[in-house]
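Here the structure comes first, spelled out in C-alpha cells, and everything after it is commentary.
Labels for the chains are A, B, C, D, E and F, by order of writing; each one numbers its residues from 1.
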Amino acid sequence: MSKENFWARDLGAGQRVRSTFLARDASVRNDSRGVPYLSTMLLDKTGSIDARMWGLPQELLGGIPEPGYVHVEGQTHEYRGMLQLKVERLRVLRADEVSEEDYLPVSEQDRRAMAAEVLEAGWSFRDDNLAELFGLIASDKDLWDAFCEAPAAKTMHHARLGGLLEHSLQCMRVAKSLAKLYPVNRDLLVFCAIFHDVGKVRELSWDLGGFAYTTEGRLIGHVVLGERVISDYIEQLPDFPKELALHISHILLAHQGEQQFGSPEIPKTLEAILVHFIDNMDARLGMYAESTKNVTDGGWSHHDNPLRRALYVPENPESRWNSPSEAT
Amino acid sequence: MSKENFWARDLGAGQRVRSTFLARDASVRNDSRGVPYLSTMLLDKTGSIDARMWGLPQELLGGIPEPGYVHVEGQTHEYRGMLQLKVERLRVLRADEVSEEDYLPVSEQDRRAMAAEVLEAGWSFRDDNLAELFGLIASDKDLWDAFCEAPAAKTMHHARLGGLLEHSLQCMRVAKSLAKLYPVNRDLLVFCAIFHDVGKVRELSWDLGGFAYTTEGRLIGHVVLGERVISDYIEQLPDFPKELALHISHILLAHQGEQQFGSPEIPKTLEAILVHFIDNMDARLGMYAESTKNVTDGGWSHHDNPLRRALYVPENPESRWNSPSEAT
Amino acid sequence: MSKENFWARDLGAGQRVRSTFLARDASVRNDSRGVPYLSTMLLDKTGSIDARMWGLPQELLGGIPEPGYVHVEGQTHEYRGMLQLKVERLRVLRADEVSEEDYLPVSEQDRRAMAAEVLEAGWSFRDDNLAELFGLIASDKDLWDAFCEAPAAKTMHHARLGGLLEHSLQCMRVAKSLAKLYPVNRDLLVFCAIFHDVGKVRELSWDLGGFAYTTEGRLIGHVVLGERVISDYIEQLPDFPKELALHISHILLAHQGEQQFGSPEIPKTLEAILVHFIDNMDARLGMYAESTKNVTDGGWSHHDNPLRRALYVPENPESRWNSPSEAT
Amino acid sequence: MSKENFWARDLGAGQRVRSTFLARDASVRNDSRGVPYLSTMLLDKTGSIDARMWGLPQELLGGIPEPGYVHVEGQTHEYRGMLQLKVERLRVLRADEVSEEDYLPVSEQDRRAMAAEVLEAGWSFRDDNLAELFGLIASDKDLWDAFCEAPAAKTMHHARLGGLLEHSLQCMRVAKSLAKLYPVNRDLLVFCAIFHDVGKVRELSWDLGGFAYTTEGRLIGHVVLGERVISDYIEQLPDFPKELALHISHILLAHQGEQQFGSPEIPKTLEAILVHFIDNMDARLGMYAESTKNVTDGGWSHHDNPLRRALYVPENPESRWNSPSEAT
Amino acid sequence: MSKENFWARDLGAGQRVRSTFLARDASVRNDSRGVPYLSTMLLDKTGSIDARMWGLPQELLGGIPEPGYVHVEGQTHEYRGMLQLKVERLRVLRADEVSEEDYLPVSEQDRRAMAAEVLEAGWSFRDDNLAELFGLIASDKDLWDAFCEAPAAKTMHHARLGGLLEHSLQCMRVAKSLAKLYPVNRDLLVFCAIFHDVGKVRELSWDLGGFAYTTEGRLIGHVVLGERVISDYIEQLPDFPKELALHISHILLAHQGEQQFGSPEIPKTLEAILVHFIDNMDARLGMYAESTKNVTDGGWSHHDNPLRRALYVPENPESRWNSPSEAT
Amino acid sequence: MSKENFWARDLGAGQRVRSTFLARDASVRNDSRGVPYLSTMLLDKTGSIDARMWGLPQELLGGIPEPGYVHVEGQTHEYRGMLQLKVERLRVLRADEVSEEDYLPVSEQDRRAMAAEVLEAGWSFRDDNLAELFGLIASDKDLWDAFCEAPAAKTMHHARLGGLLEHSLQCMRVAKSLAKLYPVNRDLLVFCAIFHDVGKVRELSWDLGGFAYTTEGRLIGHVVLGERVISDYIEQLPDFPKELALHISHILLAHQGEQQFGSPEIPKTLEAILVHFIDNMDARLGMYAESTKNVTDGGWSHHDNPLRRALYVPENPESRWNSPSEAT
C-alpha cells in the first residue's frame, strides 16, 4: 500500500485525514474523566503530528506496536498552540503492507538542485589548488553520492536523507556572504564550509531500518574521519601546497570549536573561527526550525528538544520557516 | 608637541623612525650577554609596536614612567614573526608636551560614514513601528553622539573611540546578509543587531584618562542598561505593539547567549539566537584581528590575548585584515 | 461534593481514611508475589500521601486517569519511614463532582496575618524614601493582591497559593534579625528582602489549572521583571535619591547570587550579598521541609527532590517543622 | 622601639603621620613625569594603608627590604576613593628595633569578652548531653586557649589572632537568632555553629613569623581534623547518644556545603544546611568588610580580593562596618 | 525449589534452557507486527541475560511481578551482538518456592582463596609497624568477615557478595607489581591498596533484600569511615609512628583523587597518587567487564552503563574477560 | 669552557661549589635587614638548585642576564626543607664561553639501553601483524632517532632530551606487568603503550635554543599527529587487518581519556582505557618526582608545579626517587 493523500507536511487545522503513518512513542493513558485514550506521534518522511484516540476498541487497549505502521482516519485541530490529530479509526499494518521509504525522513528540498548549487560554487574557485581538489572530490562518484544522500546527524538536526547536503549547502551560502564582509581567504572558507562535516558519510549509516552510528564512527568520530577523507584526496595531488593542506586539516579538526565537543585543537585562524561559527549557527537554527514546526504563532514548543529550552514563535512573525532555497 | 611623521599603523620593517608614543609595560632587563636593555610597548591612537633599547644612559637604567610619553628615534625590523623597533635615542616627555588625544585609541574608520550607513539602514525599515522607533533614537542627539563615540569594550575588542559604532555597523551588515538566507523578521533582526550593545554608552566612560567602568555599569551591567535605554524610547510610542516590545527586550537581554555570560535569559526565538551569534562572531573576529596586527605571514601571536590561545597568520593569506568598510 | 473529614496534612499512622484526593503519578505494577497493585500519590491543597491498592477490580487494572480526582477508603500505616495509605476502595470522580480549589496547593498560614506583619514592618521604616516607596507599593491594590496570592515557584519550593508571601515574610524576618548583627542599612535590607522575588507575580500564572510560566516570564524572567516593577514605582517619586534607586536595582538584579543562576550582575554590596544569602537559605530550608513532610523520625526522604539528595530526619528532633509563624 | 602614636586603624584623610609599620609589596616605579617613587603597603596589627614616596634618597632607589620594618613620616590624603599616605621621610629598621607582635594582625575585639559570650551560651544549653560535652571542651585549657587565639584562615578572612573566636562567636549569634525563626534543634545548631571550624587550631600555626599550614593541616584538612577533635571528646562521655554523635559528625563534615570545597558529604539535615549557610555568610561578609576597609563612601575596592569582584561602598551608608559586638 | 541446571554465567548461543531466575525490568510491548511480547532481564547470582517471550497467555498480558522469581523454558540465540533468551514457557513463583541466596549476586571467585592471598601478602610485610597493624586487623574476626563478604558498591562495579574482597585483592596485585617499577614505600602502598575501601563495610548493608546504604554511610561516607576504622586499630598500637599514621590517614582520605568525588584532601604523596590510580583503574575495568559480559565479539554494549558510553568488544580479542585469579 | 666538577644532580648540603650554570628567574631583592641580595635558580642538564647571593658588587646590583650563563663559587646548605646555594662569587659568561648542550635538560638514563629494552619487547611480539608493524617503525631511522631524542613535553613532565623515550619505556613496563593481571590483548596493549605519544616528535622541536611547539604541533596536535604516523606505517602493510588498524587508531586518539583534554573520542575498549591510565599515571608520577627533587625528608614542595598542589616527601621514605631502570 503506497502512502496516499495526506503527508504530514501538508496538515493544517480543521482537516479530515485518512492516511498511513509510522507511529512512535505510543501509550495508552486515562483522561481526567478516567477514560483510556491512545497518545502517539505519527510520522512520515515529510514530518510528524501528535495524535490522540478515544473510544479504543478492545484490541488497542493494550497499546500498539512501537514503532509500527498504522492507517488512521480522523480530524485535525489546534490544541494549546500545537497541531493535533484526533483519530477515529486506527488499523495496525504489517511492514510489508507499506513502502518503508515513505517513512524514512528525507529532505524536502530538491537534492539535485542543491548538489548543482554546491558544484557551481566549487567550479568557480579562483584558487587553482582548491579548484583542483574540489574537482577530484566531486568526481569520486561513491563519495559524492554518499555526501548527497547522508543525513547530517542521527537525531539532533537535519536528521534526514539529504540532510548533510542541505546543511553543507546552507553553510556554503553563509560562508559566501560573510566572505564579502570579512578579509578572509574566500575560496578556502567556502571549501571548508562545504566539507566540514564530510566525515558523517562514514560516521553514520542510513538504510530502511533508520540512522545509526557505524563502528568506525564510534571509534574515530566524524571530526577525524572527515579530515582523513580530505587529506587522502590531497595526497593524490603532489603539488598541493603543504601549508594549505595543513590549514585545511586544522579547519576541519577544529570545527567543533571547543575540545570538550570533540575537536582535538581549537580554532586558531580566521577561517577556522568562521567555519566553526557558521556550522554551529546553522545547526542551532535547524534545531529551532525542527522543534517549532507544529507550533502556532504566539505558542511555545516543548522544553524537551536539542536546545533544551522552550522555544517561542512570535505572534506576528514576518515569515515562517521555509526551506532555505525558497528563502534566498 | 603634536604627534608627527610616524603613526604606529604605518610602520613596516626596515624603517627609520623618529616620533612620540605612549610607553606601556616598560622594564629594564639584561640580555644573554648580561647587558641591560629596556623593553616596552609603544602606542599611539592608531596601534602599537614592541620596542627594545640597548646602551641605556644612566637616567634610564632605573626604567621609565609607566605609562608615560616618550620621544624615540630608531630602526624597525622583524623579529620572530613580529615587527619590532630598535630604539637608539629616547627622551621622556611631560604630559603637557603632547596632545593626549593622539594616544587614545580611536577607530581607523570614518565615523561619519559609518553613522551614515547605519542611519540609511534604519530609514529603510519597512516595519512602521521599528522605523518610528529607530527615528526616535537617531534623533536623540545625546544618545546618538554617545553611540557614535563610545568604545565597544574596556580592553577585549573594539576598545577604541568609535569602536561601538564599528562593531554595531558590522553586526548590522552581517544581519542584513543573513536575513537573505534565513526566514527571519528582517527589520527586527537588523534593529537589534545595531542596538544590542547600546548599554555600553552607560556602562563605560571614555575621556583622556582612558576607558573605565561607571558605577552604574558595574552595578547594573550593559545588558540590562541597554534593554532599559530602548524600552524607555518605546514607552514614548503609545501604539507600539506590546508583543514586539517584549520580543525586543528578550533579544537584547539574551544577546550574551548564556546566563553565565550575563544574560538573565537565554535566546528562545530565531532572531534572539541569530543576534547572539552575530555579536559573538564579530567580537571574536575583532579579537583575532587585534591580536595578530603585528604578526607576519606564517607567524604566531602571543598566547596572552582575549582568545587565550596563540593565533596563526597563514603564510600566504589571500588578504590581510582590513577595515571592514574596505572589505565590502 | 466538597472535600470532607480528612485533609492530607492531618493524616498520621494507623488511621481509617475516607476522603477525596487528586491522584498523581498513578501506575499499576505487580508485587513480588506477582499480584498487580495500584501505586499513586494522593494530594489535596494541604499536602500529599503515597498510596497503594491491592485486589484491583477489573476496571482499575488498566490504571486511573492521570491526574484525576478519586474517592478512597483505606488505612494509613508507616512503611520504611514514610507514611502510606493502603487503599481498600477507590472510585474515580468527574471534575465536576469536586471543588477544584480544594486540590490546588495553598499556604497553611493565615494570609491576612502574614500580610499584616509585612505591612507593619514597612510602615515602621525610618528611612523616609523607603517608607514612601513602600507605601506606594502597598497601596497599589492590584500588585499587592497578586503579591499576597502568588506562589513562589512552579514546583521547587513554596509552590502554593500564598507561597510568595510566606517566603517574602520569612526573608523579612531573617533580614530584621541579621540587621542587628551586621552593620547594614537596615531599612534597605528589609525592603529588598521583602520584594526580591516580586517579579514572580508576572513570571507565573495561577488558576484552577495549576501553576505555569507566562510568556513574559519565559522571555524576561522574574529577576528583571521584579527590578522593573520596583523601578516603575520609584519613577513616580521624583525626589527619590538616584543612588539609592541604583542600589535597589542592583540588589534585586543580583539576588540570584551568580550569573549562571540568572543574575546579570553578582552582589557587590553588603546588602546585596545578604539578600542573596537570605533568599537562598529560606528557599533551601523550604525544600528540606517539603521533601521530609511525610518522613518519620530516623527516616530518609526519597533522593529525587529539589535538593537532589536523600534527606535525613533525626531520631529525636527537638521540634518538627512547623509553619514559621508558629515558630517565632 | 615600641609602636607609638599612629595605628593603621586610626588613620583618616589629612593627618600628619609619624610611626613605624611593616612594609609589604614595595617597589620603585616612575611616575608620568618620569620621576621615580616608592610604592608600598604599610601594615601593623590593626590594619593597613597604601603609601607613596617621591624624592627618593640614593639608598632607597634600589627599593626596600620585602617585607621589612620602616619608620615613616608623612601626610595622609584620599586618592580615587582610597586612603593613601604620602611619605616624606622613611628609615629602614632592623627586626630587633621593633616589637614584632605589634605587626602581627590581631582581632580588634576584646578576646576575653568574646570568649565569655561563647561560654555563657554553652552553659545555658538545655540539652544535657550537649551541655556536658561543651563543658568538657571548654575546660580543656590547651584546646580552649588555642581556640581563642587561632586565626580563622591564612589569608582569606578573619586572618588575625583571635579571628577564629571572632568568626565562631558571630556564627553563634546568627545561629541563636535563626533558631527563633526555624524549627531546629536549637542547642545542636548553636553548638555546631561555635565549633564548625575548630579544626583550624590544628590546620594552622601562628607565631611571630606569620600564619602557615601545618603538615597535618595539609594532609588531613580542617574539616576532618575538626570532626576528630569533637569526636574524641564525645568518646570520653560513655552515655552520649550514638545518633546525636553521628549527627554532630555529619554537620561538622558537611559544613563546607559542597564536596568540591572539601566536605566529604553534603548537608542532609536541617541543622547541617543551616550551619553551612551561617559559616559561608559570615565568611563572605568578613571578606567584604576587610576588602573595603579603606574605601571611602561611593568608592570601589580593588578587584583583586577573596570575592574576586570590585566591591562598592554606597554614598550614604547608614552605618559603616563596625566590630560585630558594637553592632549588637 | 533449589536453582538447578542452568546458571546465567554458563549460557551460550543455541542452548535449550529450563531454569529459574529473578526477573527485572519486565514490561509487555508490541512488536512491529503489532503482537504483544514480554521483555525482561533474567538474573541469578552468577549473571544475567535479556529475555523475550511471544505468544503470551492471558495471565501474562498484564506483565509479571517486578522484581519476581520465574521458572522459564526456552532457547538462547544471538541478537545484534548480545546473547538473548527466547522464552517459550514462563511460570511466576512465590518467594518461598526459591532459595533467595541463589539470586543475590555473588563473586564467582573462591572467597577463601582470595582471602588467603591477601593474608599472605600481609604476613610478608618487612615493615614491622605495618605487619603488626595488618595482623591486628586480620585477627579481628568481625571486621575481617565483613571485609570478605561485603560488596564493593551498591550498583556501579563489583556489586556482589565478596566484591569488596575481589576489588581489594586485585588492587593489591597491581600495587605489588607497580612497586617494582616506581621507587615507593612498598609495604605502605600494598597495605593501603588493600584497605582503601574498607569503609564500605560500614557504608553498605547486604542481606537477602539486596544492597543498601546505611544511615552512617549516608551521613559520613565510606572515605571517612574507612580512615576511622584503620585509625582506631592504630590507636591500639602505642608505638606506631605518628608520621606513618598521618600518612596512612592521608592516603585513605585522598583515595578518591579529587574533592568533587568525596575526598576532603587531594593526593599529595607518591603513594597517595598511586593508590588513587590503582583504585580508579580497577573500578573502571570492572565496569567495562560487567557492561560487556553478554556482548559478542565485534559488538557494542548498551550506552546506559556506569561508564556512560557504548563499549566495544573487538572482533578478535586475544582473550575474553576472566576472573583475575585465572588471569595471573 | 666546558662544564666541570659540579653537576646540579650531585649537589648535597654542606658542599663547597665552584661551577658554571644557566641562571633563570634572577632578581635583586632586599632582605629583612634592608640588604639587597640576588635570588636565582641555577640549572644545568642534570637538574637545578635555588641560589642566593649577598654582598653584591656594583655591577650585579642591576641584576644579571635572564636567562644567562654564570660561573659561581659558594656553599650549599638546607633552608626550609629545600637545598640552597649561598653564592660568594659570581661572574656572567658569554654564550660562546660555554658548551650550550651542557645546559639543555637531558635524561639521566642511558638512551641506548632504554632503546634496547623497547626494541627487545617489540621483537618478542607473538602477534605477527604487530611484530611486522613494530619492525617497520623501528627500522625507519629518522623516526626512530627522533623518538629516542625528543622530550616528552615542553615543560610539564619529562621535559628533557630522551624524555619521550623514558616515558614510553616506563609505560611499556607498566603495560607488561598489567597484562599479567587483566585479560587484555597483551601485544596490542604494549605496542600502544610504547607509541601513544609518538606524535610528540612532530609536535615539538628541540635544539640548543630550547623546546618549542612546531606550527604543525599547534594546528594539529600530538594526538592526531601520532595516530597519523602509525596509520601511515600500517598503510605500507597491505595485509594488516582492518579492524586491528581501527582499534590502534582508537587507542591512540583516545589516550588523553577525555575530550576536554584533546581526545576526539573517549576510550571505549579495555586496551584504550588501560593505555589512558598508564600514560596519565606515569605522567603524574613524573610531575611528583620532578617537583620534589630538592625537597628534604619531611618537607614540602612549592605549591606552584604542574600538579598545582604542595607535595609532601615523608620523613622516612623507604626509598627516594631513582631512575626507573635502577628501580626494576
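Heads up, the rule we're going with is that a contact is a pair of C-beta atoms (placed from the backbone, for glycine too) under 8 Å apart; a residue touches a chain by one contact, two chains touch by 3 or more.
Predicted, not measured: the structure shown is a model, and the values here were computed from it.
Peer 1: Can you list every chain that touches chain D and also touches chain F?
Peer 2: B, E
Peer 1: Would you identify the chain whose Cα-based centre sits farthest away from the centre of chain F?
Peer 2: Centroid comparison gives C as the farthest chain from chain F.
Peer 1: Over half of the contact pairs shared by residue number: find the pair among A-E, D-E or A-F that meets that against D-F.
Peer 2: Selected from A-E, D-E or A-F as the counterpart of D-F: A-E.
Peer 1: Same or different: at the chain A/chain F interface, is the fraction of residue numbers used by both copies above or below half?
Peer 2: The interface of chain A with chain F is built from mostly shared positions.
Peer 1: Need the most distant chain from chain E, centre defined as the mean of C-alpha atoms.
Peer 2: If we average the C-alpha coordinates per chain, B ends up farthest from chain E.
Peer 1: Mind checking the centre-to-centre distance between chain A and chain D? Centres are C-alpha means, answer in whole Å.
Peer 2: Result: the chain centres lie 59 Å from each other.
Peer 1: Determine the centre-to-centre distance between chain B and chain D, using the mean Cα coordinates as centres, and give it in whole Å.
Peer 2: Using C-alpha averages as centres, the distance is 42 Å.
Peer 1: Taking the mean of the C-alpha atoms as each chain's centre, how many Å separate chain E from chain F?
Peer 2: Distance between chain centres: 38 Å.
Peer 1: For chain C, jot down the residues that touch at least 2 other chains.
Peer 2: 215, 218-219, 247, 250, 268, 298, 310, 312
Peer 1: Quick one: which chain pairs are touching?
Peer 2: A-B, A-C, A-E, A-F, B-C, B-D, B-F, C-D, C-E, D-E, D-F, E-F
Peer 1: For chain B, which residues count as touching chain D in their complex?
Peer 2: My answer: residues 62-69, 92, 94-95, 215, 218-219.
Peer 1: Quick check: in the complex, which residue numbers of chain F touch chain D?
Peer 2: Residue positions touching the partner: 28-36, 61, 298, 300, 310, 312.
Peer 1: Along chain E, where are the residues that touch chain D in the complex?
Peer 2: Contacts found on chain E: 215-216, 218-221, 223-224, 227, 246-247, 249-250, 253, 259-265, 268.
Peer 1: Going by the contact rule at the top, pick out the chain C residues touching chain D in the complex.
Peer 2: These residues of chain C touch chain D: 127, 170, 173-174, 177-178, 180-188, 241, 243-244, 247, 250, 266, 268-270, 273-274, 277, 280-281, 284-285, 288, 298, 309-322, 324, 327-328.
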